[in-house]
Structure formats: structure tokens, C-alpha cells
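After this come two complexes, each holding subunit A, first together with subunit B and then together with subunit C.
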Partner chain A sequence: MSADERRHVGINLGAADPMAHRDAERAAFGFWVFLMSDAVIFALLFATYGSMLSATAGGPTPAGSFKIGSAFAETLVLLSSSFTFGMASISMKYADRAERPAPLLAWLAATLILGLSFIGMELHDFVGLFREGAYPSRSGFLSAFFALVPLHGLHVLAGSLWLIVMMAQVAVFGCDARVKIDILRLGLFWHFLDIVWIAIFSVVYLQGLIR
Partner chain B sequence: MSDVTAWHTLFGNLSAHSLPLVRAWQHPSVSEVIAAGAGLIAVIAAAALVALVTALGKWRYLWKEWLTSLDPKRIAIMYVIIAFVMLSRALIEGVLMRAQQAAAIRTTGFLSPDHFAQLFSTHGSIMVFFMAMPFIAGLINYVVPLQIGARDVAFPLLNSVSLYLTGGAAGLMMVSLVVGEFSTGGWSGYPPYTELAFSPGVGPDYWIWAVTLGSIASTLSGLNFLVTILKMRAPGMHLMRMPLFCWTSLCTAILMIFAMPPLTVATALLALDRYLGYHFFTNDLGGNMMNYANLFWLFGHPEVYILILPAFGVYSEVVSTFSSKELYGYTSLTLATAAIAVLSFTVWVHHFFTMGQSSDINGAFGIATMAIGVPTGVKIYDWIWTMFEGEVRFTVPMLYSLAFMVTFVLGGFSGIILAIPPLDFQVHNTVFLVAHFHDMLIPGVLYGLLAGYHYWFPKAFGFRLNERWGRVAFGCWVAGFYLAFMPLYVLGLSGMVRRTQEIFDPAFRPWLLIAFCGALLLLCALSCLVIQLWVSIRNRAQTRVFAGDPWDGRGLEWSLSAPPPDYAYAVTPQVASRDPFYDAKRRHAAYVRPTRYEDIDLPRDSAIGLIIGATAALAGFGLVWHIGWLVIAGVVGVVAAVIARSFARNIHRTVPAAEVERTEDRWLRAVAEALPVSRALETTGANQGLAKVTS
Partner chain C sequence: MSLERRSEMRRYAVGYGISLLLTGAAFAAVYWQKLGTMTTLGIVFTLGLAQVMVHFRFFLHISLRRSARDDLQLILFSAVIIALMVSGTVVILLNLRARMM
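Our next item is the complex of A and B:
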């Protein structure tokens, strides 16, 4: 296989040295594998949640606890952040090594703001749940809820921290090969969290409406 | 702030009573004295090591050449050192347990029930997570990159992070010997027993955090090995040309990626129960411990194959090399390996047939369990056919392979008994099961690892291991195994419950005494390995194999000097067949000097892995003792180290072409001067690592 064929379509490393193309291939594939491993963790927490749905121990039930309106708003915020990240990826793709493209930084900042808003809204929800007596030590059902959903939130928090680091790196290094590869991986991570959230919205919140 | 709260802020739940030494002083009993003595030995050994390195003035060397090295060959050796240290501890614990049971017939013996329970918990946890897993990670790290013609693994820094997370976790196990106590819940840590309500001490917390760090390290290792094998093979090294050890490593890597997360989830949820009052596995408020059993064994069964598959790979290499024959049934061996990897995810319920699911479910899992024996049987036949009409030499690795084939098949037979649910009900939770899984894991893992250790040791260190002490050790391992575990089959069928500290049936006495003798023999086996290493190092001048090919090897790893240079391959090899080096020797195409050398880029040393492992272990210690500031400092340390590393740009160093040329020429000169030896002389001093090519 020639170096041209190995080039990663998403990041367009252009005239970067052949090693960078090779590294990009390994890095992207390795990160996909990591995401699949992480997906197993979420899958098991979903299974645990499913098996504990009825274990409410006389406490709050799914139908009684969840606010579908606010979960829907969170969904819109997170999906929008995937859009803004997509725009960031496009503005990165054609940036040169030394360039510090303003649109890239702006789209990353927009993603960060949306990510942090999502975390804020989710925390607000949690506080509301606690006030109504729906806290994790109340029942098996609430334990499962407060493992699955906050773990996704923790991932978003980690992604937000990563966004800040990448913005700093764009400012320091411009769009060198490593920055491009890392933003590519952050993009995969961010969109992965979106997919997990869609599953949470369907399995946890929508299903909650009918319980 | 009162003194009590100040103490608690600084030291959490630690107190003078946490030290076994203090406990032994206050309440002297044989059991407490043994516990304190074990802690004392650990401390003295650590102090002696520090003193030795200081006296030799080797700290700088140790730091620069080893601790911060990203060379997979060095990382591999450090993994194997961890494995041997932990093996020594866990083996001694096994002997103590056998001694206790042999002594405690209708009497209390010399160990308290609590101490005995800690022993079987640490023995199992260490053997699985901190002996077998690091040993396997070490072998794969050393051998796989060389076999596929790569200079390094895909993610060298991640490799070092995995090493130090494993090291940190093993460190937590050792600290539990000196500060506090360990879990009494067995290696599987079943709740609700390990919940706060029944185990309020720190024991299960040590178990949780040591295992969690270890499982994260293994997940990352698996990821690294997978990407290495799929993306870094030399030109021409198609998947179906890979040595079988690479195939089994590939399947093990996939299992690590998908089977370690269930363990991480199981321990994390148990931690939530214990630390934040969640109700996943508690008896009250909707907790359900069956979720734990499923999560744990969803990991636990693939884990068996994570451990066994690499050993199968070693046997394939060893049997083929020491029969001077191409591996029989290569394709069927790869297919069997892949089939085992897939089936390993479909049998986990057989670990708890008795826990209340319907007989239909038990039946399905029983059938799946028996199905997994088929590909394993295929492998045994393939190895036998490989030996058939070959030039078989009974070297130490070959002896282990032969002992494995016989012993493992025997364990497989008892496995078939256990796979049938109605029969399983009869012997469930007896020492029959203990006999069975030792009968699988000692030949299926330990013998394989030892075979690999003897086989590749000359490659890694440039001299062969002493053959005679190797044979003595082998004899002790095999005889010790049969003496220690065959009686347990009898005892198990007679109804002796596992994990019992006191025995009430005097009829068990002779069998327990035989088992105890076997355990002592196993201890002798380990001692023989230590003596062998000592003798081999002392006599290394006579056993040097610098030319690099002491066994007329077949794979690419034997085409390098022993030990190989840090860059491994001066020129990327081109592969055209399944046994590339063996064929090259026959075509007189081996040891050819390339026309020109080029600069080689290697990863620069880094302390980041060490920092991450150490801070993660400190966070784990903080969690065990509820020391808030230490937990925060540890977690912040890990995150800060990762972020700081992401800003590092000067992460490569270059080996200049001139230096490569010097190194390679020195080796090629040695090859030219070495005398080729025939296979009859390969274990004698005549063997300088150059094989006489006959056909």
C-alpha cells in the first residue's frame, strides 16, 4: 500500500511527513478500539439499568421522577454540539501546519459552551431529583440510574477538558500533525457520547414515560 | 479542629492498629505472628533492594535504562520480574493453606479463620491478576513485535502506562500485607459478603482498587497489542503467515479489550455500594447480587482464555522448533484459536449453575461449555502430529509442553464432568473444583509461561538457562502438581468443601498430607528456578549465544542478535513464507549485510508512565483508607501528567546510521566467527547461537 492510500480522509495531513500519515492510521484505529471497549462499559450499565428498573423498593419510580422536557432540551444541546464539532473538523481539515485558524477555535469554543451547558442542565436535573427524594442510596433502580447517566456526564466533562487542552494546543502549535490527529480523536469521542446519549434518552427517559 | 479530626483529615482511617506488627504485639498468636512476619519480610526485602541499588550506585542506570524506558523489550522484562515476585508470594500462601488444612483436622490448626480467608483471597487474586497477567503481557511485549518484524508496539507510552498501572496495583497488594488487611471474599469478591454490611474493614477495598487498576492496565495492553498486530506487520507478513504465538496474542488482545470492561464495571459498582451507599448488590432496597455474578463471570470466563491462549501459542512455537518440523495444521490451529475466543463469551453461566436459573439455561451453557473442548482438542492433535516423525529434542521447554498435553487433557476430562449441570451440583463448591481449575491453569498457563521463559530467555539476555537445574525444576513442578492436586479430586468427590480452614473428617488426613507434600515440592520447584537463574548468570560466559539462534528457530525473532539491539531491526524484513527465518537459512539468505543503513527513529524515554502508575496507586491507597486529599492529589496527578505529556513534542530520538552499522557489523562478525552446531549439541557449551543448516 502506498503512502497516499493510507492517508486519513478526515484530517488531510497534506505534505506532512509519511510517518505522520502512518501514525494517524494507528491513532485513529486505536481510538476506535478504545471506544468499542468503552461501549462495552455503557452496554453493561444499560443492561444493569434494565434489570433494576423494577427494583424501586417502594421509592420513586421512573415515571414519577424524570422530567422529559428537560431531558429533551439536553438532547438538543448535545446534538447541536455534535454539529458544531463537525464544523470544527471541517475548518481543521484544510488548515496548514502553522496556521491557527480562527473558525476552528470558534467552533471548538462553541462546542465547549454547549458541552458545559449540557453538564449544567444535567446537574440541575440531579439536584431536582435529590430534592424529591430520588437519590442513589434510596433503591436499586436509582442506583442504576445514578451510575449510567452520571457516567455519561463524566465523559462529557472529560471531553470538555480535552476541548480546552486542544484549543490551547492549536494556539501553541498551530495545526501540526499531532494536533490534527488529536482533534480527530476528540471528534470521535464527542460523537460517540452523542450516540450514547441518544440511547440514554430512549432507554431511560422515553421508557420512563411508560413505567 | 480537634486532634481526632486532624488525624482523620491527614491519615483517614489509618491507625496504629492497622499495622499487623502492632496487632501481633498486642495479641500474639501464631496466626498474627505469621501475618506480621510476612509484612516484615516484604518491608525488609524492599529496603534491602533499595540498599543494594544504592550500594551499587545504580540508581541513575536503573532510572535511565529501565524505569523510564519505552522499549517493549525492557518493559517486557520488567513485567516478568513483577510476575516472578508475585508468584513467589502467592505460592508461599498456597503452601501455608495446604499446611493449615493438613494440620487442622479436628483441631483449629495454626491459622485463624480470618487469616486463612485472606490467604485464599490473595493467592487467587495474585495468581490471576499479578502473576499470570503480567507474565503474559511480558511475553507478548517481547516476542510479538519481533515476530511480526516491527521495532516497537503501536503506542509505546501507553505500553509503559500499562506496565506501571499493573505495577501500582501489585504494589497495593503488597502494601495490604503491611498496612491493614486483605479481603476475605475470595478472588471473585462476591457480594453481598463483600458489602459494607458484612465486610466493614478495608480488605475488600484493597481488592477492589488493586483489581480495578489491573483491569484498566490489561484493557490498555490489549488495545496496544491489537493495533500492533493489525497495523505494524512487516511487508509480506500476511495474517496467515504470522507465527502462531502472534495469532494467540491477537485473540487474547481482543478478549482483553472486550472482557476486561465487565470486571471494571463489577468492581466499580461494588465500590459505589461500599463508598456511596448505592444498592447494586446489597440484600436490601432492590439490590441484586446475581448482577454481580453475571458481570464478574462475563469477564471471568474469557479471562481463562486470555490466560491460556498465549500459552497455546508458546507450545505451538516450542513443539515446532524442537521437532524441527513445520507446525502441523497451521490453519486449523488459527481457526481453533479464533473459535475458542468467540466461544469463551458464551459459557460464563457454568461458573454458577447452582444459583437458581432454570435448567434450560443451565443446559444451554453446559452444551456451550462442552463445545469449547472441541477446538481445544483439535489443538492437542495438531501438536502431536507436529512431533510425529520430527527430530524431537527433550529440552526443558519441550518437557513442559509434553507435561502440559497430558495434564491438560486430564483437567479437560474433569471439566466435562463439571460442564454437566446435574453432576456439577454434586461437586459444586468442593475442592474437586479447586483441583479442576488448577489442573487447567497450572499446565495451561504456568507451564506455558515457563516454557516460553526458557525458550526466549537466550534471546532476551544473550545466554542460555542452565539445563540441569531446569530439568530438576521441571520435575518438581510436575510431580508437585500431581501430588498437590490429584488428592483434591478424591477429597472433592468425598465432599470436602473448598476454602475451609478446619477439617472434621479424619479420613481426609492421608490425602491432605499428600497434598501438603506436593505443595512443598512446588515450593522446591520455585527454589530450583531461582537457583537455575543464579547458576545461569554465574556461568553465562560458557552459554553465550550472541549470534542469536540457539534453537534453529523459525520466526523472525531468531534472525536478530541475542540480546537484540534497542531498534531491533536495522532494516525492515521482507516476509515471503510462514517460517521466514528457517527458510532464509536454508536458502542461505540469512545474515546478509544490507547495502546501506539508515537513521532509525525510536521513542524517547519518558517518566510519564511511572508517574501515572504511582499517582494512580496512591489514589487507590487513599481510597482504601478514606484519605480525601490523597485521592484528589492522585487523580489530579494522573490527569495533569496526561495533559503535560500531550504538550511534549520532542518525543523521538534518532539512532544514527553509523551507530546502527557499528552494532550490526559487530554482530555479523560474531556470526561469521561462530561455529554452527547441530541439534544434538544445542544444549552444550558448543552452542554459540548459530545453527548448522542440514536440509
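Our next item is the complex of A and C:
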């Protein structure tokens, strides 16, 4: 792996522009600091969830509430959205400033559709849980569940809104250095959310469904 | 299409493929559960951890070799913080629960 490949795929603002390149490195690092502080929040919610796992207070249990099929479908959708975002990063890197960045917009739109369908599926799950009497105030287990999983959903929602904003900026300004740095950060955010989801499906859904 | 671009696309495709395999294996281990509870849990957590590392490697471009950035050190530091805080929380809360039972 060469030094150039080790850099973020998105950072290629042209060999003639080392200033912009250094700015992008700094912007990405600052965003990593935010992501890691977000990871600490999620990790502590996971710890709370783990210690609340058996605190069902005679109410719905993990094994009774979760459906493996919808958890699997949500995982596939989010994983595919990470892949489409990767394709977006690559088309951004090689976008010609003169041409219209149509492939970039198309990949971002695909990511947005996948993100929104993920949110829709998750909401559908939550409605089903509420119908079965599994609401946050029912037990410690459900409080911890509804603190953790919908927080990830809110992050995906925020990421989707950010995607819409970036698509508008790409359409208006084209691929200038500022827009590229922002899409780079959005990409880090999006891939990070997928990593949090790996922890959610392993710790929450699969652990809950093991007999 | 340039050689570099193709190799970058291949990296994402490889990461996507490995992730799909690991996800499928974890769900299959639970869906067609043959082994005991703790063994299956261990398999699921190991596969999850492996997939997290695959995502860091192929999607976030963090490698264990000398990185061009300080990101790796930041991530490892955060991992230490998270391990300390999570294990402390779990130990104390489980201990409290055991005493209250």
C-alpha cells in the first residue's frame, strides 16, 4: 500500500494544491475526534444495555421481542449503503471539475435511499414493539434498548439530512475543495454508523436471540 | 478507467464481500443454532469484532502499518478509554445487581 493510498480516498484535491490537501487532513482528524467521542457515548449505552439485559421486570424479553429477519434485512441495507458511499467517494476523487459530477450524485442518491429505507424499517420494527407492549418505560431492559438503538437511528437520520445538503451543494457549487472536504467527513460519519450498527446487531439482536 | 481507480474500487468491493460473509455467518450461527449459548455468543462477538476491523481497514482506510495520519493512534487511544469505561461500568452494575438479588 503506497502512502497515497493510505490517505482517505476522498482526499485528492489535485497535486497542485498542497494547502487544500493539508486542510483536508486536519479537517478529517478533527472529525475523527468527534467520531471517537460519539463512540464513547455509544459504548457506555452498550454497557448499560448489557447490565440491564435480564432486568425485564416480567415484561417482554429480548428473545420474544426481536425478529431476526428484519434485523438481517436492516443490516444488509446499511452495509450496502456503506458500499455505495464508498463508490461515491471514489467518483468524487476522480471527478473532473469541468464535467457535471453525475456519478457522484447518483451514488449519493443511492446511499440516501438506502439510509431512508433503513430508518423506515427500523420505525416499522419499533411500531411492532410498541404494539406488543414493549415501550421504554416498561422495564430496565426496554429503557436501555430504546436509549441505544433509536439513538443510532437518529444518527442515520442526521446523516441522511446531511446527504441531502451535500447533494444540493454538489449540484450548486460542483466539486470544489470545500464540498469535497465535507463529503469526506460525511463519508467517515456514514462508515462509522455502520460500525456502530455491527455492534448493535451483535450485542442487541443476536445476543438477545441466542437460545 | 485508471489502474489506481480500479484498485480502489476493488478494495471497497472486497471489504463489502468480506462484510457480507461475516454478517451472514453471524446470523446463520444464531438462526440455525447448533452449539451452546456461550459458544454461539463467542462466535457472534468474534465475527462482529472481525467485521469492525474489516470496516476500519477497507472503508475507513485505517491500517496497522505506519499510517500517514494520526487517526490510528486516536482510535487506539479511544479503544483503551472505551474498554476501561465499559468494563468498569459492567463490573460495578453487575456487582450491584448481584448484591440486590
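To be clear about the criterion, the second predicted complex is superposed on the first by the 190 of 211 C-alpha atoms of A that agree within 3 Å, B and C clash if a C-alpha of one lies under 4 Å from a C-alpha of the other, contacts with A are read in each partner's own complex, and residues count from 1 in each chain.
The rule is short, and it goes like this: a contact is a pair of C-beta atoms (placed from the backbone, for glycine too) under 8 Å apart; a residue touches a chain by one contact, two chains touch by 3 or more.
Remember, predicted model here, so these are calculated numbers, not experimental data.
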| item | value |
| --- | --- |
| Touched partner set for A:Pro150, first subunit B, second subunit C, both or neither | neither |
| Which superposed partner A:Pro136 touches (first subunit B, second subunit C, both, neither) | first |
| Partner chain in contact with A:Gly174 - subunit B first, subunit C second, else both or neither | neither |
| Subunit B versus subunit C as contact partner of A:Met36, first or second or both or neither | both |
| Partner chain(s) touched by A:Ser51 [first = subunit B, second = subunit C, both, neither] | both |
| Contacts of A:Glu25 with subunit B and subunit C, given as first, second, both or neither | both |
| Partner chain(s) touched by A:Arg211 [first = subunit B, second = subunit C, both, neither] | second |
| Comparison of subunit B and subunit C by subunit A residues contacted | C |
| Intersection of subunit A interface sets (partners subunit B, subunit C) | 25, 29, 33, 36, 40, 44, 48, 51, 55 |
| Residues of subunit A touching subunit C in the complex | 1, 3, 5-9, 25, 28-29, 32-33, 36, 39-40, 43-44, 46-48, 50-51, 55, 68, 71-72, 75-76, 79-80, 82-83, 86-87, 90, 93-94, 188, 191-192, 194-195, 198-199, 201-203, 206-207, 209-211 |
| Residue ranges of subunit A in contact with subunit B within the complex | 19, 25-26, 29-30, 33-34, 36-38, 40-41, 44-45, 48, 51-52, 55-57, 59, 136-141, 143-144, 146-147, 161, 165, 169, 172-173, 176, 178, 182 |
| Partner subunit A, residues of subunit B touching it in the complex | 154-155, 219, 223-224, 226-227, 230-232, 257-258, 260-262, 264-265, 268-269, 272-273, 276-280, 284-288, 291, 295, 298, 601, 639, 643, 646-647, 649 |
| Residue numbers on subunit C that touch subunit A, as the complex places them | 2, 4-5, 7-9, 12-13, 15-16, 19-20, 23, 26-27, 30-31, 33, 37, 40-41, 44-45, 47-48, 51-52, 55-56, 59-61, 63, 65, 67-71, 74-75, 77-78, 81-82, 85-86, 89-90, 93-94, 97 |
